[in-house]
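Chain naming follows the written order as A, B, C, D, E and F, and within any one chain the residues start at number 1.
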Amino acid sequence: MSFLFGSGRPQPTSAEKIAAAEQEYEMIAELYNRLSSTCSKKCVPAEYREPDLNKGESVCLDRCVAKFFDVQIKVGEKIQQDAASKMGGGGF
Amino acid sequence: MEALNPSEQRELQARMERKTMKDFLTTYSNIVQRCFEDCISDFSSKSLTSREEGCLMRCVDKQLKTGERLAQRFQEENANQMAKAGQGGFPGR
Amino acid sequence: MSFLFGSGRPQPTSAEKIAAAEQEYEMIAELYNRLSSTCSKKCVPAEYREPDLNKGESVCLDRCVAKFFDVQIKVGEKIQQDAASKMGGGGF
Amino acid sequence: MEALNPSEQRELQARMERKTMKDFLTTYSNIVQRCFEDCISDFSSKSLTSREEGCLMRCVDKQLKTGERLAQRFQEENANQMAKAGQGGFPGR
Amino acid sequence: MSFLFGSGRPQPTSAEKIAAAEQEYEMIAELYNRLSSTCSKKCVPAEYREPDLNKGESVCLDRCVAKFFDVQIKVGEKIQQDAASKMGGGGF
Amino acid sequence: MEALNPSEQRELQARMERKTMKDFLTTYSNIVQRCFEDCISDFSSKSLTSREEGCLMRCVDKQLKTGERLAQRFQEENANQMAKAGQGGFPGR
């Protein structure tokens, strides 16, 4: 977001750079944790007749991951659009 | 609580900003998770069906509006409690 | 809780004062997060026929917030009473 | 684990106190949330009905007693495990 | 895990020792929190006719704690075995 | 993002290691909780029945395999997104 501050902005300190990298990691970890709990609930039923994932469960997990990324992106786009139309348009 | 001096306020401010950023990300993740759970149930293909996509957009709208309404009422109620606490005392504080 | 320490207590350090303010914020954030997830589950059903909150959902959210604060206070009072009667009474 | 010297123990103590405070708040929030979910379901008015209030008080009592019992058993079992670990070894440590 | 580093390893710093003790505490707190939410859901039904735990609920809680520790240990052993067989055996 | 110099990388590395340890513990706790919830329902005795123990072992296996599969697909999808973001732009970043 450096465009918000223009070129006169001082260099980020070490602490700021590390915090930014950490936050990047946390965003990805958060995404993975949510996806993981949601997809395992959607695709792996609570009966455990066999220790292996069967074909149906495996394919369901693969598709669930793809869909979760899709949803995450679509929701992000929608939230940004809504925020932009609120700031620019002045309502109605 | 003791008053904070300017440098303490700046430090508090900086910490609050990091928390606000984190709170925003949590809100975003909550909406993604809730709307995924409520709208997505067809795993016969890896692309979203148009039905799912419609549900998703309405869900996001509704969750955002729910959040706005809750935040507004929350602030009002919290202000009420603070005012009462000035006279009486708020349990848990 | 300064009465616990009497007037001879040294001034709190900067770190202590900031930690106290942070904790105040965290308590309120925790309350909001719990209320928010509980009330949205109670009042907003999982079907999304329309993007807007209808009248019934809106009113339900308003009342849910009021009730959640009420419950939070009543539970706080009850826990304090129980703790006080345990300390003072000696039970049997 | 290496033994801590007195100044290290003081630092650990201070951190533990903050955590204990946070744990207490989490317990309190858990009870509020659980009892709200289990007892409150009437949103035809913004005040608690007497039925809800009765349910709430019994719920808080029961959750507190549940917590006490769990904490007691937990400590006993944990002490048992520690004792066994001294001889055998506790997986996950 | 000091065997991984051999005897030439320098003494741990204060910060490292405190972090290790803190992590020990966090592991136990995490175990307690999970057990607590799981056992209270399994043993205490959502109707509150009386403020006291009845005999059945109390006994259920006691057994649930014992079983949760058991499960925690069994799962830990299994994960370690699986990890060991993967590293050593080379599959099949 | 700005590049990190070697000492910043070491600091980041150290923090990541602590997080990785914490993430591992969370994964372990998630498996314990999920498999307990799904497999244990008999509280007529304090020892695990053989039926429960069988369920538990299969559940752990299945959850581990689920985690491996999810992690693999996640990395692939994430790499895809990163590649696209290089050209177009990834919302939320």
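To be clear about the criterion, a contact is a pair of C-beta atoms (placed from the backbone, for glycine too) under 8 Å apart; a residue touches a chain by one contact, two chains touch by 3 or more.
Owing to the predicted nature of the structure, the values given are computational and were not obtained by experimental measurement.
Seen as a C-alpha superposition, subunit C sits on subunit E after a turn of 120°, to the nearest 5.
Once the centre of each chain is set as its mean CA position, subunit B and subunit F turn out to be 25 Å apart. Separation between the centroids of subunit A and subunit F, computed from CA atoms only, is 15 Å. Centres computed as Cα averages put subunit A at a distance of 29 Å from subunit C. Under the contact definition stated at the top, the residues of subunit D that touch 2 or more other chains are 26, 28, 37, 57, 61, 92.
The multi-chain contact residues of subunit E, meaning those touching 2 or more other chains, are 27, 43, 62, 66, 72, 76.
Order of chains round the ring, from subunit A towards subunit F, by the touch criterion defined above: A, F, E, D, C, B. Across the complex, subunit A is touched by residues 1-2, 4-5, 7-8, 11-12, 15-16, 19, 23, 26, 30, 34, 38-39, 55, 57-59, 61-63, 65-67, 69-71, 73-74, 77-78, 81, 90-92 of subunit F. By the touch criterion given at the top, residues 19, 23, 26-27, 30-31, 34, 38, 42-43, 59-60, 62-64, 66-68, 70-72, 74-76, 78-79, 82 of subunit A touch subunit B in their complex. Residue ranges on subunit A touching subunit F, taken from their complex, read 11-12, 14, 17-18, 20-22, 24-25, 27-29, 32-33, 35-37, 39-40, 43-44, 46-53, 57-58, 61-62, 65-66, 69, 72-73, 76-77, 80. Partner subunit A is touched in their complex by these residues of subunit B: 18, 21-22, 25-26, 28-29, 31-33, 35-37, 40-41, 43, 45-48, 53, 56-57, 60-61, 64.
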